[in-house]
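Next come two complexes, and both contain subunit A; in the first it sits with subunit B, in the second with subunit C.
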Partner chain A sequence: MKKILIAFAIFALALMPFGNAFANKGELIITNGAEPQGLDHAQISGVPEHRIFFSLFEGLISANPKDASPLPGVAESWTVSNGGKTYTFKLRKTTWSDGVPITAKTFVDSWLRLLAPETAARYAWFPAMFIKGAEDYNSKKGMKDVVSIRAIDDYTFQMDLVGPLPYVLGALIHYSFGIAPLHVIDKHGKDWTKPGNFVGNGPFVLEKWEPQKQLSAVPNPKYWDKDNVHLERVVYLPTDDNNTAYNMYLNKESDWATVIPLDQLSEAQLSDDYQSGPYLGTYYYVIQNEKKPFDDPRVRKALSMSINRKHIVEKITRKGESPALSMVPPMAGYTPSLGDAENVEKAKQLLADAGFPGGKGFPEFKILYNTNEAHKKIAEYVQQAWNENLGLKVTLMNQEWKTYLNTRRKGDFTVARAGWIGDYQDPNTFLDMFVSGAGMNGGKYSNSGFDNLIKKAASMEAGPARMAALQEAEKLFITDDQSVIPIYGYTSQNMINMNKWGGWYNNTMDWHPTKDIFMK
Partner chain B sequence: MGKYFIRRFLGLLPTLFVIITISFFMIRLAPGGPFDEEKAVPQEILVNIEKKYHMDEPIVMQYGRYLLDILRGDLGPSFRYPDHDVNFFIVSSLPTSLLLGSMSMGLALFLGIGSGILCAVRQNTWVDYFFMSIAVMGISIPLFVIGPVLMYFFALKMHWLPTSGWVDSRAGWITVLMPVVTLASYYFAYLARLSRASIIETLRSDYVRTARAKGLSGPVIMFKHVLKGAMLPVVSYLGPAFAAIMTGSVVVEQIFRVPGLGKFFVQSAFNRDYTLIMGTVIVYSIILIIMNFIVDIVYSFLDPRITYK
Partner chain C sequence: MTDITPNGITPLPPEKKDIEFTSDSWRPIRESRNVKEGTNEFNQAIEGISLNQEAWRRLKKNKMAIGGLYVIIFYALICLSAPILPIHSYKKIILDHQYLPPSLTKTAGDLVYEKKEFRLKRIAQKQGRNFLNDAEKTQLAELRRTIETETMVIDGKTIKTYERQYFLGTDYHGRDMLSRIIYGGQVSIAIGLVGTFTSVLIGIIIGSISGFLGGKIDYFVMRFVDIMYGLPYILIVIIFMALFGQHILNLFFAIALVSWLNVARVVRGQVISLKNSDFVEAARSIGASSRRIIFKHMVPNTFGIIIVFASLEIPHFIMIEAFLSFLGLGISAPFASWGSLVGDAVEGMALYPWRLFFPSLAMVIFLFSMNFLGDGLRDALDPKSKNRL
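Take a look at the complex of A and B:
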């Protein structure tokens, strides 16, 4: 017995230096919101999925945890040529978690798979906005050779853009630009994401996935930067009930809560663990720009100028949001073009000029919103403000989420609540959806001047001139036409104990890659 | 009896067919579809997606295709969760719901009938008043209040139990306590009241009086004669109750993060995940039909007046 103990002690001692050198420690438990749709980057479309993607996969570019700016991922370095339209990436020599090398061809094949019409990827429109020929292939106007991406050699990947889009590097972080292990997909079909079959290239690799119960991931021994991965395990718990998720955090059953229920907010804000910061999104009301009398900018301005946004963010939403007079939130290098601030007297005057003094003769209309306590309170406030300040008769209409989306898609509303979260950190993501005829332009805004400026900006290289063009476009859209009524800029809300966990930072994308998180 | 079984079994099929048909078309009448999202999917992509799921075909053809798939035992791919089939979700989550339901029903039966007997025997004493006031609370307080209150007290205040989860590696079987008790509360209350009333009524019947006159002891009368007769209304309640406890676990599953079918039942409706809605509807219908069937059979054993030919 003694001998065995001694032998065991020697064995343990022998292992120690290796065991401790790169020891991963800490299990990070995340209450992740809805059950993830899946793990295949070509099939997902939500925020909970994106959090998991950051653990299991990595594209050309990864995200800086501090400010969500682009950092080298599988791409080690890159050069830009052809007036900002061609990007050439030098890939590092790395492999999938099963040891199969990742090459430039992996990127070509994965991207073509996502864009293929038969894959029916919901987010295919995103790469299609950037890559030359991608939209044609996705909408069956061309074969796959029209997509302008290529493998120059095993470790050099090149892509041509539709224009010099300076924000493309940030966009490449998105999962729609990710990669998929085609050799595994060929073998297992859609079962490739099941534990046991799964192969990834991220800092972590899938350990267990029991739908509606939990998904866990452990460090990927084949990850190129594995020495900088600190956690021992990441656990994602699906939580449909926000109150339960919050209670789990309070009871120390989770380390990071990604949602805070509205009625617990004031309590949460007192905690040191409450993390909140500006989030790249705008809450606004969209108006049918073609519908009379809303086709008159004076009417839309009157509506906007009679709302007290400060009251909304301080008394109703209370998450530290900033009142917004512009569609684009403030960003580095860009000063938003503002609409007119609250001015009830001027609003009354504008409405009178438009032919409705004191609201007389103005048709009764509805505010559409999706069923939700906060949206309801805001709508009630706006209803009252328009009634008291302008003498308008407004009723409220709430609809269940999918019904509301359907109504909005069909344009079957007069004024509707809307929200937009930027896909990348550039003003363009808040503006280009309002060009004439665009699918997401639900208010049917149409101004050729605006369209031209957005088009012009898309052909310009990074710099003040491009920002000026976008600013000019927003001036037409908001300052002159007040096509929509911006209400506030979003903030992010999380609960995490910063004394225990490091490498987690508030940033405007609310992206927190698990690669960088460590236990203090 | 054998013939009756076969006849009843064959009778299930048309019922199921009607349920499937009505659900199939009703789901599609609801505004909004599985692919409506905040960031509206462009038309060209919608065309690709609809083609993939055969939603570009006329609805009658989709219906025919669906029926053929069901006959092959294939409930189709989930629209919302493309990595999995509906079959997978049902196979992986139905046992959890059945376990939760059976445990709750077991608890409700044990406590409900037990306290029912106690209250009937000790009618109008403090025991009776005590259990019946609990029963009134159980019936009148909804699950979505009982659940969070239990969670607040036992998890957040006393730290005796974890807030939620289901037999996981961290907390183990102790996690089943709160969901089972919450779900059982209403059925316990109903069963206690029902069995109390039924036993009191039976106690007053002639055959019990005869038994007493013959000099039989109290326990013999209660367990041999009274209970058998008094359980008839309880048994007929059990069929629908068991089906209801399965479908009623939706709220409990949501609050306590139980990975059961009920969660899919609700979420799939919100997501307009057509195939998953159909799958859960079919499973719940089968449970309901089978439960009613079992009740009819048990009835024939309990009540000598009923025979099936």
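Take a look at the complex of A and C:
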């Protein structure tokens, strides 16, 4: 027995250096949240999938890891013409991981496939916001040929936009503008994403995918920029449970934890590995603007002014969020228009002016939120604040996510919790959904001045004048009308050891392309 | 109580008298035997013991059941007197006091200070110091000053915020756990009682009518009960709550809606077995209406079973409510129930175990007591029970 043990120990010792050497080449293990819905860019819609997409595919534009700004991807260079409405991309001569060349036609076909109504891609609405004719095709109002994208020659791709949308380059990073290897899909059908069949064009290529266990990717030898890919392997672990994911990080079973459970936050914040930065998103309460008495801006202002946002972010959410008085978070070149800060006395006065001194006669109303501990805590706090400061009777109502979304879109609520993560870095993504009659405008905000300014900004080229127009729009929306109650700006939370890994930066999109990550 | 003595010997016949038929002769035998009221044939005093008294006597012998009864009375008293008890408001949010551990002696100020000090030391330790730097000391001094001076107004009285004490700690909004548990108990027990009452009421009415009338009506009612029984009741409750909104009355109603089935079946069975007994025959022969027969003669005969059933059903209702609240479908803020308190506490239970422990403890003790009492009642009321004491 002893001999066996000794032999085993020697064997184990002999193996150890190899084991370490293997890890040292740079295997990045990521606890990635939910099991990915798929790898096909026309089928995915979540953040975990987006992280995988960054490894396995590349669109025209790729993301700068430092600030998530656009960098050349498959497109080598581009020119803008027709008053900012037409983009012409010069593609680099590159191939799929199976050696088949990627041409302008690949882009045309992939995008049309995503937009096709029969594909039912969840994110089809995103390209549809930009590309001329895309929405008509997606909503079956027109055929393929109405979509204004074309291959001028094998390596020149051109698209027309619905207007001069200066933020389109940032949006092109998104996976809905990605490409899919149609020649492989024709051959394997749905099974094309299985290891062995899989073909991609990203810095990494799929090595193994065991559902509910792990997905791993190794460098793609056909990638155009393969010399700048440093990792030996990227492993994505599906971890639905936040606590498990975090504990795996603590046990060094993973190198990058993408979520931190709330209970562990105060301990995590003491760690050097804790990475947090502003995230392009706003947590807000949306008010049903048509319902009486909420159609009175004074009432909405009173509600907004009687909440202590600092308390909420410091004591309840505790992730280092910044209290927000504007819908648009601060971003380069844009100064948000703020609503009134907390002022309980003035709030009482406004409510009295609106005809409800001390909250008398004010109808009882509900705060709607989707079932979640954090939303519940905030809702309870706001409920109590409105009750104590304004004398209003408020009840809480929670709904499961899909029901909640439906209720909110229909506008079947009085006050509802909402959050918006910007799709691209531009104030427009936070404002254009409040245009009269827009699908996401469940609060039924309607102000022709606002509508005109948003429309005007959409037809302007990048520059301070456009930002000024958007700022004025936000002034109408928040400062004057207080249509929604912004509460705080989101922050991103990650755990990664920066002494070990380089090329990872906090940025407002929380995008961290694996291409640039390396082991120090 | 028969005329047979324990050793089986027939008692001596009473002394003879001259036979003389008068109207008195037709008086009850006992009287004619000239036996005094309250004594037996040997002139020994007898205690008239009704079935209920005997049951009560049996119950009293069951220590667990009586213990349970006392606990339940205690809970009821505390919950009913909650508004006059010297406890904090269950809905007052003081964010500075969030997550304070339970303490019998320390005030909120002490605990907040300790927490801050611990946190600062932890930061210092992480930075490789074993002392606090000046900035941190200033922070602590400032906190000390706030603790000593800050006041707030509650119910018109100005009190020092940090002198409040929380015997069972506080939750994520700095609300007092003790008062939340007490007010939560009000809700939970009320749901148990109201739910049981309504379900028993519906069950008795439907069960007894169906059992008594029999035939097609019985058949259809029972098939309906079978169908309802086959549906997952939690799902029905959830759908009901989703349709009609989350209101405490809806919760009561939804729970009662799905829980009368058992009672109806039990009562129906009893009624059928009693239907052909002599006293029913007698009642019918003197022309009593069906309604009278059902509610005056039959239902009282099923009470024993129903009481047992009800006492075991109350904890069941409390569990259902706890389960729904745990799912976020039960009671909504600022009210609490034991279930919602436990549900809230699951997040962070490693860091703040008291938030989970105390509501669970309160609930477990109550449910245990209720179950013990129910078991005791069953043993006491059912003369055939094997566990008879």
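The working rule: the second predicted complex is superposed on the first by the 496 of 520 C-alpha atoms of A that agree within 3 Å, B and C clash if a C-alpha of one lies under 4 Å from a C-alpha of the other, contacts with A are read in each partner's own complex, and residues count from 1 in each chain.
Here, a residue touches a chain if its C-beta (ideal position, glycine included) is under 8 Å from a C-beta of that chain, and two chains touch if they have at least 3 such contacts.
Given the structure is predicted, the values throughout are model-derived calculations rather than measurements.
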Examine A:L237 and indicate which partner it touches, taking first as subunit B and second as subunit C; both and neither are also allowed. first
So in the superposed three-chain picture, is A:E290 touching just subunit B, just subunit C, both, or none of them (first/second/both/neither)? neither
Please work out whether A:E345 is in contact with subunit B alone, subunit C alone, both, or neither, and reply first, second, both or neither. neither
Just checking: does A:K315 make contact with subunit B only, subunit C only, both, or neither of them? Give me first, second, both or neither. second
When the two structures are laid over each other on chain A, which of subunit B and subunit C touches more residues of subunit A? B
For subunit A, give the residues common to its interface with subunit B and its interface with subunit C. 403
How about subunit A: which of its residues touch subunit B in the complex? 34-35, 37-40, 43, 45, 117-122, 124-125, 135, 138-140, 190, 193-194, 210-214, 237-241, 243-244, 247-248, 250-251, 253, 400-409, 419, 439-440, 442
For subunit C, which residues are in contact with subunit A within the complex? 91-93, 95-96, 98, 119, 122-123, 126, 172-173, 242, 245-246, 328, 332-334, 344, 347-348, 350-351
Flag every residue of subunit A that touches subunit C in the complex, lowest number first. 262-263, 266, 270, 311, 315-316, 371, 373, 376-377, 379-381, 383-385, 395-398, 403
Where on subunit B does subunit A make contact in their complex? 30-33, 35-45, 47-49, 51-53, 80-84, 89, 92-93, 148, 151-152, 155-156, 159, 162-166, 168, 170, 254-257, 259-260, 263-264, 267, 270-272
